[in-house]
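Comments concern the structure below.
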C-alpha cells in the first residue's frame, strides 16, 4: 500500500478525515478557535438583550463563559446564538434591571 | 580532529551529547546513568555546550520537560535508567504520540523489587510498546556512534518519533574502552540543524497539541503513529549507512556474525552479543557451525532481517536479560518467534533468560546454550522452550 | 488597567464552541488571563475539565499555542518550554525582543495533589512561568471527588455525608502559602474581581521569575448551585474571607491584602447557596458551620498579621 | 605476547583502584592496544575490600563479562593479603604484584604460593610516602604493574599520567606522582 502521509500540521479546511494517513502529525491542530462547533443547542433558557436599556458596561462580556456576547467598537450588539449555552450569568450580573433577562426555552 | 580516548559507556554517551550540543537536556540522576548527567553538567559549567540543562526533581518531570522543550522546537536529549524509565512510562507514550523527536539514552538496569542497581534489560524491554525507536548497543563505541545517529533518525521528517539508545548498565556504562571520537565539526555536520515541524514558539502560527481525541479518530491517530515507527526502519538503515560511509563504522539493523552457514545460532542484544561472538569463534575453531544474530534495532522489530538470518539454522536460542512473567515467552523471544511465523518459517527456537539483576553472563555459560542447541539440532526438535541460564536450582 | 470597554475591543484568544458546562468558571478565568497576558501567550494545560472540553480533535477553542501533555506534569512541561526559550535565544534562533508569556492553567487536582511535585520543582528552579490554578475544590473532571483543595465538611463523591461521616474530614491545603515559601510571586484571586485578577496576571508575567496564582472557581455542577450564580458565589467567597484576595511579593516576605470586606459576612451566607454544604444546615450539624467559620477566621487573622508585619518591610 | 591479558585488582574502597585501572587502560592506547577497565560493582563504601578488572589485548575485545581466571592479580594494600583470598582462580603460572614492604620471597611465603605463581613485590606505601608525603598506592602500583606486564613502556605510562592529571593537579604534584610511578616501575622485584 502506498499512501500519502500527512506529515504536516495542516490548516483544516474540513473537520473530517476519511483515512488514517490524513490525520495531521501527532494529531496537532491549527489553533483557530472552535466557533464553528455550535453549542447553542445546549440552551434551555435564553438571554434577552434589550438594546435600549443596555449601558454597554461590558460586565456581561467579561463574565460570559462562551464569548457569546457580540461586541463592536466598545458596544454590545447582541448574543451569538450559535454559542450561547443559556447559563444566565449575563442576566445575573447585569447591573441594570431590564437590559439582560432570561426567558424560558432555548429557541430564538 | 578525530582521536582515540578511554571512555566508559556513560562517558561516551556524554561525549556524544557534548558534540551534539542539544538545545535542552532535562535529566535526573540514577545509578548507573548518573555519570552521563554529571559529565554533561561539567560541560555546561565549563561552557563547552550551549545547552539549557534542566535539573528536574524527578524522571517524571525530566520526560515532561523534554516534551515541553521538544514541542517548543528545541533539540532535546535526556538519559535515564530502570526506575527512572518506569517513572517516565506515562510520558513515553505521550512523547511518541505527540511525535516529538526526543533522544534518550537508557542505561539498562533491572526493576525493583527487590531493589537492585545492576544490569538487565527489564526496563527498556518493558517499555517496548511505548512507540519509541529502540536501539541496543554492544559496547561504548557503538553507544557513542548511535547517540549521534539517533538525533538524525528522530528528526527525520518521515519519522518524527523519539529514539531510545540502550546500553547495559555497568557492563558497558562503567567499562572504560578505547573510543574513537569524531571531530566536533564532523558531528555537527552529520546531524545538521533541527528544523521542527511542531513548534509552540511560533506564536504567529499557533497550534494546539495533545488534544483530546475520542473514539472517532483515536484509532487513526495511533495507526499513523505506528505506521511511522514501522517505516522508520529504512531511515535507521539509511542513517547508519551514511554514518559508515563518512566515518567508517556502521552497525546495521541486525548483524549476523558468522551466520552465513551457521547451523546453530544465538539471537541476542546488548552486551551479551560480544561474549557470544567470542564463544562462536571458539566453537568454529572446533568445527561447530555456530553464529550470532545481533538485534541492534529492537523497535521497530526487524521482521524480515531476523527471519532471513535464521531461515537456514537447525536451532536457535534467543537470549535476553528480562522476564515476561506469565507470557508464553519473554519479549524478544516472542518477537523472534512472531517474525518467523510472519515468514512462514519453522525454526527450532528456544528462549534463554540470562543475567537478571546483574548476574554475570560469562563465556562458559553461553557455551552451555550452544551445547543445548547442538543437542536440539541433532534431535531435530525442541526439547524445552523456556530456559533460565545459571539459575540456581533450575535443571 | 484598561476599562472593560477598551478590553472588549481586544480579540479574545479563547473562543466559544468549547464543551465546558454552562456557567463554568474556567473559560471566564481563561478569558481574563489571555486578555491580561503582556506577551505572546503559550498555554500548558494539564488534564482537567478545561482540557477535555476545549481541545477535542479536530476542534480547538484556543487561538494561542496550546499544549496538553498529562495530568500531573504541566509545571514540568512548562519548565521545558521555558528552557527551550532560553536555549534558542542563547543560540540566536529567537529574536531577543520576542517575549513569551508561558502560562499553565490547571485545576486543583492537577495542582494541589498529583501535580504538586512538578509545581514545586518548577517554582524552586525559578522558571519564568505563571501557574494559574482554577481552584474549584474537587476533581470535577472525574465526577466531583475530594481533593487537597476541598473545603472542610464539603460533600463530594469520595467524602459522602452519612451517619458516620459528614463530608470531608479535613480543612483544605493552603497551597498559596506553600508556593510563597518557594519565593515565587504568589497571589490569590477570584474570577468575580476581573480587575484584580488581570492585574495580578500581568504582574506575574512581567515578573522575572516563577509565579503562582490561585483563582477561586465556583463550579455549578460540583458545588451544587444554579449555573447563573457562578460569579455571585465567588463574590460571597471573598466577602466572607474564605477566599481572600492577596498577593505575596519580595520572595515570600511581603504579604499584601488586596481587598478587605467592609462587612465580613458569616460563612453561612457563602455556604447556604451551595448544595455540597446542605447538611451544614440540618439540625445537629451546627458544629460544621462553627468549625468552618473558626478555620476561616484563623486563616484570615493570620493573613492580616502577615500583612501587618509586611507593612514594616 | 599473549593475545589478551586479564588483570584483577584488589584494594580497599577509596584507595583509587578504579582510577588506577582506568589509568593503566588509557596508557595502553599509546601502545595501540585495546582494553577494558571495569570495577566489580557492589554497594561497598570506603574501606571495604573491592575488586576491579582490566583486560588488555592486541585485538578488539568482545568479551563482556567478569574476569573469572585472571592472568595477573594486583594488590594495592598489604592488609588485604590476609583478609582476602587474593590468588583465588589466578591462572597457573600467573603473576601476583603486591604493595608489600618485604621481599618477593617473603611475600610468596606469606601467601603460601611458593613456585606456583610469579610473585612481585614493591613497597608502594614507602614510595608514595617519600615522594608524595602520603601513602597513596594506586599510581605507583600502575608503574610496577607496567614493568611486569611489559606491554606498556615507562614513557607512555608517564605521558598518560601527565595528560590525565595535569589539569587536575598542580604541576609539582604531577611531578611528584611521576617520580613515584617511575620509582615503583624501577623498584619492583620479582621471583
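Note that the chains are named A, B, C and D in the order they appear, and that numbering of residues resets to 1 at the start of each chain.
In the analysis below, a contact is a pair of C-beta atoms (placed from the backbone, for glycine too) under 8 Å apart; a residue touches a chain by one contact, two chains touch by 3 or more.
Here's who's who by UniProt: A = Pyruvate ferredoxin oxidoreductase, delta subunit; B = Pyruvate ferredoxin oxidoreductase, alpha subunit; C = Pyruvate ferredoxin oxidoreductase beta subunit; D = Pyruvate ferredoxin oxidoreductase, gamma subunit.
Nothing here was measured: the structure is a model prediction, and the numbers come from that model.
Colleague: Looking at A-B and B-C, which one has the bigger number of contacting C-beta pairs?
Modeller: It is B-C, judged by the count of C-beta pairs in contact.
Colleague: How many angstrom lie between the centres of chain A and chain B, each centre taken as the mean Cα position?
Modeller: Once rounded, the distance between the two centres reads 48 Å.
Colleague: What is the distance, in whole Å, between the centres of chain B and chain C, each centre taken as the mean of its C-alpha atoms?
Modeller: Here the centre of chain C sits 43 Å away from the centre of chain B.
Colleague: Between chain C and chain D, tell me the centre distance in angstrom, where each centre is the average of that chain's C-alpha atoms.
Modeller: Comparing mean C-alpha positions, chain D is 63 Å from chain C.
Colleague: Taking each chain's centre as the mean position of its Cα atoms, how many Å separate chain B from chain D?
Modeller: About 35 Å, centre to centre.
Colleague: Among the residues of chain C, which are close enough to touch at least two other chains?
Modeller: In chain C, residues 55, 57-58, 60, 62-66 touch at least two other chains, as defined above.
Colleague: Counting only residues that touch at least 2 other chains, which ones in chain B make the list?
Modeller: 98, 206-209, 211, 213, 217, 221 - these are the residues of chain B that touch more than one other chain.
Colleague: Going by the touch rule stated at the top, which chains touch which?
Modeller: Listed in label order, the chain pairs in contact are A-B, A-C, B-C, B-D.
Colleague: List the residues on chain C that touch chain A in their complex, please.
Modeller: 4-9, 12, 14-20, 22-28, 31-32, 54-55, 57-66, 191, 194, 220, 226-232
Colleague: For chain B, which residues are in contact with chain C within the complex?
Modeller: Touch list, chain B to chain C: 23-24, 26, 50-52, 54-58, 60-62, 64-74, 76, 90-91, 94, 98, 200-203, 206-214, 217, 221.
Colleague: Tell me, which parts of chain C touch chain B in their complex?
Modeller: 40-42, 44, 51-52, 55-58, 60, 62-70, 72-73, 75-88, 90-91, 94, 100, 117-118, 120-121, 124-125
Colleague: In their shared complex, at which residues does chain A touch chain C?
Modeller: Residues 12, 15-17, 27, 29, 31-39, 42-43, 56-59, 61-68, 71, 73-74, 80, 83-89, 91-93, 102 of chain A touch chain C in their complex.
Colleague: Looking at the complex, which residues from chain A come into contact with chain B?
Modeller: Answer in residue numbers: 5-9, 17, 19-21, 23, 25-31.
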